[in-house]
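Both of the next two complexes hold chain A, though its partner changes from chain B to chain C.
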Partner chain A sequence: MMNVHELAKACGFTYFSGANAEARPVCGAYCCDLLSWVIGRAGDEDALVTVMSNTNVMAVAVMADLPCVILSEGVKPDERALEKAIENDIIVLSSPDPTYATAVKIYEVLKSV
Partner chain B sequence: MEPIVLTYQVDGEDFSAAGEASSSVKKTLKQLGFSPDVIRRVAIAMYEGEINMVIHADGGEARVEITQSTICIILADKGPGIKDINLAMQEGYSTAPEEVRNLGFGAGMGLPNIKKYSDELKIDTELGVGTTLTILINT
Partner chain C sequence: MKELSLNILDITYNSIKANAEKIEISISESISANLIQIEIKDNGHGMDHELLEKVTDPFVTTRTTRKVGLGIPLFKQSAEDTDGKFSISSKIGEGTAVYASFRLDHLDRAPIGDISSTMVSLIQANDQIHFIYRHSTDSGEFVLDTDDLHAQLGDVPLSEPAVLSWIGEYIKENLEDIQGGKI
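After this line comes the complex of A and B, so read on.
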């Protein structure tokens, strides 16, 4: 099993915020920008890959207990979103690639362990 | 364990801050030592209900009754009410405005998600009077 820090390192994702990334196991990913889909369908060991970067995304990550949020396309979280992420110990990572390419990278890395 | 009752006012103004009540309940359940699965189900169901009160009803009140065996979440608002509950329960049905959709909500999955993650869901609603959701989750 991989943790978020190992995944971030292996995929070359950088951190916007990261508390205890070594302690969070990650088994897969869920890719979607519609938050009710995320809440209803993402598993609690799925990284969320999205271009949505508002406070509601962070709230969803808290409620659904997701290991991390990966912002694709080089999207930056807005200020309030980042504050909320830090306040709630949510790991927020950055990927320069589009969502599909980001997911493929995650897949390859997770498959290799 | 004595039942624990938590109550919250849910502000209808600030959509981006929505979720504070659910977040607080989540923390309390964690402190009380409930299992991660129970906490997750409560947090998800309550958050969707809380968001609905903000989007569709200009806020409302949340009451959470916690015992060893069940967690009961009551969300009451004085909003417009739901015209057709069967329609509202269908995945994809939504009357959410455009600006809410732009923020990632309004996919019409909220009520179905609440049903999926709870053991019982009761909806009392009257047009022009308001809506009360009673969500039961067995621990």
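After this line comes the complex of A and C, so read on.
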């Protein structure tokens, strides 16, 4: 088991927000861009990996109580999304890799501990 | 959402929660105009200007149990992701109208989905509400009006299984006739 900050460091993800937010445990990743699908499926110890970057992603992170959101492919959150991420203390990370490669990286790192 | 009919169900439940007595659901799909348009209009208690301004923000909701609500924001996103438009208008004491359009051939546009089951489940659970469902395509239009059904059926409730199954078949047959609901 790793916490979200340890995972970010080990995977080399950078922070858009939440660098000082609560270090919640992460045990896996949930990859999906259809936000309504994420609710009720992603677990509360799953990092959400997505290319969606609007404020709805942040609402889903709150609703599904996710430990963090990882935006893949170098996608940047839009202004409003970032505002809400900061306001709600959501950890939003950046990965330059596509979703699959990002998830594999997470898998490898989590497996090694 | 995976199907537009799920968005419709979700938005219609907002109308029901707003104590609407009459809900009009209109779907228009036009291949020639490359456009799908959906409108859900109710005569519920409506919203004031302040709430209306904020209702597309997922961090604002009329629910008291949690601080985020995604029905309207996701419907808006579905429309805008497919080069469509979204609008909502409302007046206290008069009702609310939600409109969304979608570019029909956009790759991210969700299919309409099972609108027949959606209507049947809405009618089944809300027999007291007057539903008017209109569906049009380039080749025609049909309307299902629950007041007409009540007039024909007298005291028989629409929630009777036989009635519901008839309604489901009626919608499917009419959609078939106008080549609707397939895209």
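In this section, the second predicted complex is superposed on the first by the 109 of 113 C-alpha atoms of A that agree within 3 Å, B and C clash if a C-alpha of one lies under 4 Å from a C-alpha of the other, contacts with A are read in each partner's own complex, and residues count from 1 in each chain.
Note that in this section a residue touches a chain if its C-beta (ideal position, glycine included) is under 8 Å from a C-beta of that chain, and two chains touch if they have at least 3 such contacts.
Keep in mind the model is a prediction, meaning the values are calculated, not measured.
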{"item": "Clash or fit, chain B versus chain C on superposed chain A", "value": "clash"}
{"item": "Partner chain in contact with A:40 - chain B first, chain C second, else both or neither", "value": "first"}
{"item": "Contacts of A:9 with chain B and chain C, given as first, second, both or neither", "value": "neither"}
{"item": "Partner chain in contact with A:59 - chain B first, chain C second, else both or neither", "value": "both"}
{"item": "Chain A: partner with more touched residues, chain B or chain C", "value": "B"}
{"item": "Touched partner set for A:76, first chain B, second chain C, both or neither", "value": "neither"}
{"item": "Overlapping contact positions on chain A, where the chain C interface meets the chain B interface", "value": "34-37, 39, 54-56, 59-60, 62-63, 88"}
{"item": "Contact set on chain B toward chain A in their complex", "value": "15-19, 22-23, 26, 36, 39-40, 43-44, 47-48, 103-110, 112-113, 116"}
{"item": "Complex interface listing, chain A residues touching chain B", "value": "33-37, 39-40, 44, 52, 54-57, 59-60, 62-65, 80, 88"}
{"item": "Of all residues in chain C, those that touch chain A in their complex", "value": "1-2, 6, 57-59, 66-68, 70, 73-74, 77"}
{"item": "Residues of chain A defined as touching chain C within the complex", "value": "34-37, 39, 54-56, 58-60, 62-63, 84, 88"}
